[in-house]
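Just so it is clear, A, B, C and D label the chains in written order, and each chain counts residues from 1 on its own.
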């Protein structure tokens, strides 16, 4: 049950993006894999071709909201596009709509100085470079951003940065030229004013991309998830974003849209898994019957359809709430989709794997890779538990002030 | 996340019904129980008081669709009202919006002759009598309506009816004066033309209310779920509804709205269970902490909030689809809510019981009774499995004609 | 997979009890129900017939452990007998092996004075009277026994008791003549020495059986779960059990065997539900196939078989551990079965209900009643959460002293 | 709750193997990974060192049953050893107890000719070569062995083999010198006599190791899961095992012990995951509390402990049944563990990942790799569904002949 897109232009974009995916993106998947297998940490030429083609068709930078671009799409308009792009791991980048660049571009557009925009935002919007977001740290529970310990210390006209980050996605890519880094600039300041966000060119001395992390054996090349060391890294004071002490605030403002995007992509991932499950089920026979005729397969298909449709409606509702009332009012909704979407997709993909048999866990299907990325999203950007806590807290708050009425 | 009602008049009705529930319905629950305990199969006076009051406020017969009443509410408008009424087992009847009368009234309005309407529809709309729907049979799997075996045989100017029904809800109530009975009038006719629907006054000789069935120990008095025997019951031919052979078609047309109503009521039931869980959690201390401060309770509250909100959105979407495209186009959506709503409510209530401790399974909370009624709805009107089968069939149909593409 | 009974005499008893169940107990179920429906809070004559017959066959008081009776059965020997008896709600009492009398008899045997044994233990062993255990209180979280607030105050040669108990099972039965009551005798004493256990004849002035509690809609007559008020109840000092301050210790010593018995009975309940599910599945046809040929039914049957067998093995292992190493060493195992058994049985019965259709929730099958009793056992004698906490605490203790090795 | 090993020698071996794991195997894991990363499809020197050391200590070839070696261990004795070895991916091979060689060695011991034993069994027992088992085919549902299509055609004194196999584990390893291949030698023979098992030296012309399959993103080097093409491969007729037409029978006889071994290893995997979860939980703080003090973590730990202990008991019971009554009588038990063990381990590992945060999905913990291998075991050697079907069939058979008794 996919509700019609919210507006005519969204419907038109949805049709065009879906056609582009069929014509260009799905066929590029095998090519991409071969090219990357041949040269692990080099950009794949086929991706640049996809980008050129998408840009030529005007399917480019669609993520920018009305606040940053006069004809920008609302979250509710953009969400269904995200779902379609998310069906392929190549989709988002092809349309210059992939994380973490989208969040970085929004941040630069909103908080960057003119010079910062000129130097970094423009080439990102052009898709000629990439960026990373250096937030999570191996030694602290980064789900609570106030734990971040990387040091940003002012010394004359520079900031000197020392610390260690990991899960810095994209940092392995040679096209990645800039990091938006979150660090602690005022350890003794008020809790939500201790941190700053700063621009660190990857080429700065002292920046070392230490190693790629894997996700269930996948290294996500050429993008990659890096552990990055920052040792006495010096950048000019003008590299600070928005001003000292505003790191936490900037990080928060990234979250709402970013989560809606991630969740809609996951719905695309789940839809494709369900499609694969169904295609396999109707085309393969075991014990004298099509797999589609086995009762348990049908049970799984029905469950998957129900779960996907429910999470899609919830995510669209969160997008609508964010458009209409802002991030703060929508935060229960956003916490809910952040839990519901990856858990749903994990279940759907697991069933699809089971229906596909041995092949399902291998490179012959897109499923195992989709599973790995989905599973990681139950941890990335705050584990399930942190978001469930947000939901519970908001729910309980309705009953904690008025006198309790025990038997309902 | 409750979306705003679809229209201003729906919002206004929602406010008024919620206020009525607070002021009159919840306080009546204990009174009702005492009155029924005192006189098991007699109508409770407090219910007649509620009805009079609701009618006086114009909160009456809201279920009638635009097709049957010029200012009727759409399914999308009516759904949220249903949710509020459904919070109490007394709610729907108080507003003359309770099953099976609503379905029977719609059926009479749509298919009844002028005389039938005069005799039966009007007093039902007035709330001065009640009705039952004699469909399910103990000896066949009634989830497939074409299995119904009760015989309707024409003999001169009469039909003679022989058979045995059960789960005939409401038949124990002395106010119940008419049964809409589904039976087989043409055993050799085409599969979907074999059955007819006929009006059988409960006072007709040969109609015997054999016994009340219980649902987890509850008899639902004074309403009751009856086993009813029909032995050589003779009614005039004019009692047929719409014409011989139209039973299956009439039964189908009842289903869509009826399921949306049931599901929305279940959402109300689940919301109230969650509310009870939260109130208990903040008011009771175990092992030195409020139950609300135990991590597992918070986990359950978060899960419950997510599950309820998702099913509500799905149900509203089904209502919208039915309003816009008709029952047939919405049948996947309707099958989905018929599975999703009771399963969701069952989980939420089970958690609420656990949080309430021993009291949760007793008469001191509304939870065990809510659980019993909810569990029965995974069987009533087709078990989960039948509806999952519908969903799977529609999903697979998308892949069964085009050539399969196995690896997705 | 039922392992062979541990000894030849256990195997012999198992055979004889199973035969007795087939010949006498199952056929008595409908009779019992009719008799109780006719006279709600009176003992059913059929039960007394069963008891006489079982006693005549030597199938009597089998629960007594070797410590209390030279030829007593070990927990490992008794467990499989409990399973068989537990298949019917009438089974345990028929063999004079039903709660709470078994625990009360063990307690009297172990801690009672000669006079107490003479007066109360002997008629209990003879099955000529019954008893109750007044522990849980409505106003405190009784899962932590140290919360118990009922006051036992010494005044001269008497104790004066004031407090309110509920879930005092058996107290509704006119045959119930004695309560073992737990109360607080020394509010300022050390935490585990504050409470005492005392014998309170039900006929003592000030003892008021206030009302029966229901479990879902069942009142469990004539046994019943009572709320009991104790107002200025005076009993002679000689009624104390074992001595002042030993209440907590006595309560603890009841728990181990009691839980093993409960869990084994639940396994019997689950086995019978699975049997009912299978019998129904092979005898009923829907959509042109036996229910047994629907894939989802087969899935449920397989899952049920696996779950039952696992919990049985776990429970037998707990029994063995208790026999060999005592209650304390076996407490992780006992906590595990207390969680695992009712949760397993709840799932199995729920599936059986679904397979049986509408009838499954009614009085026509034993399932809804079995469900209600099973669900209550996730709360009785400590909710799941308390026992999971015990398990987690013991597990984590293995890692909390040695220096942690984070990456395993 | 780990029951004591069945015999004194098993207890002694358990102690020695556990000590060896601590002293040598766990520390070798990182070394192994580095060596394999450096030379992907070459044997890692550290493994040869482990093997030499284990052999020197007499911890070698423990899998051989009494039928093949006078002092062989029973399944019940060997099972707990398997669990300990299975804690590390390096464990089984270190003790020359790893699949598929164990199954191949048993098969050769039981069905091989003297010459075959001399040439292939002896070096396998010595650990100087490895072997593979070429059974599963990409184009058919191999869960039903009678579907196997690879052709074994007799031409004079040779058999000529044509077909394609995949998931031929170990075939990528340069030490792998022999394949036991299952193929169809008599397409028109009776269903269970159509297939033969034959020895195919990997160096035979026409054998092409086409590519490694990945399991999620892991290639399991240097072992590897290969797709292997057999094109006009000629081997002498003396290479047949046991005789033409006995393939199905030989394949069956491998299954029982193999499954018990796999399941016990999975229990080791799950135990280690639980250990990792606990160690992390006590050593890491989030939101001001040790993760171990969060209620949901404790819930997971308790659930994991219960699930592991239940599956272990079930697996030991299956081993005992197989020892006492043979494979056929134990087949319900074996089907049960084949479903229960990987599903249990999958859940436990998933929770451990969640507790370990981002690191949990990476190479820094053993968890993601363990997850991938475990997930594959829900498909390898027959998917869950096939084994559930076996369980259901055996369960239903108890009710299909006697007249059904519907209401239990």
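We adopt the following convention: a residue touches a chain if its C-beta (ideal position, glycine included) is under 8 Å from a C-beta of that chain, and two chains touch if they have at least 3 such contacts.
Nothing here was measured: the structure is a model prediction, and the numbers come from that model.
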- request: Name the chain whose C-alpha centroid is farthest from the C-alpha centroid of chain C.
  value: A
Field: Pair with more cross-chain C-beta pairs in contact, given C-D and B-C
entry: C-D
- prompt: Centre to centre, by mean C-alpha position, how many angstrom separate chain C and chain D?
  reply: 42
Message: On a C-alpha centroid basis, what's the spacing between chain B and chain D, in Å?
response: 52
- prompt: Whole-Å distance, chain B centre to chain C centre, using C-alpha means?
  reply: 37
Query: Can you list the chain A residues in contact with two or more other chains?
result: 284, 294, 296-299, 359, 364, 385
List of chain C residues in touch with chain B within their complex: 136, 138, 141, 143-144, 166-167, 213-219, 225, 284-287, 294, 296, 350, 353-354, 357-364, 368-369, 371-372, 375-376, 378-380, 383-385
- request: Provide the residue numbers of chain A that touch chain C in the complex, in ascending order.
  value: 294-299
Task: Give every residue of chain B touching chain A within the complex, in rising order.
output: 1, 3, 272-276, 278-284, 292, 297-299, 301-303, 305-306, 309-311, 313-314, 317-318, 321, 332-333, 336, 339-340, 359, 364-367, 385, 387-389, 391-393, 395-396, 398-400, 404-408
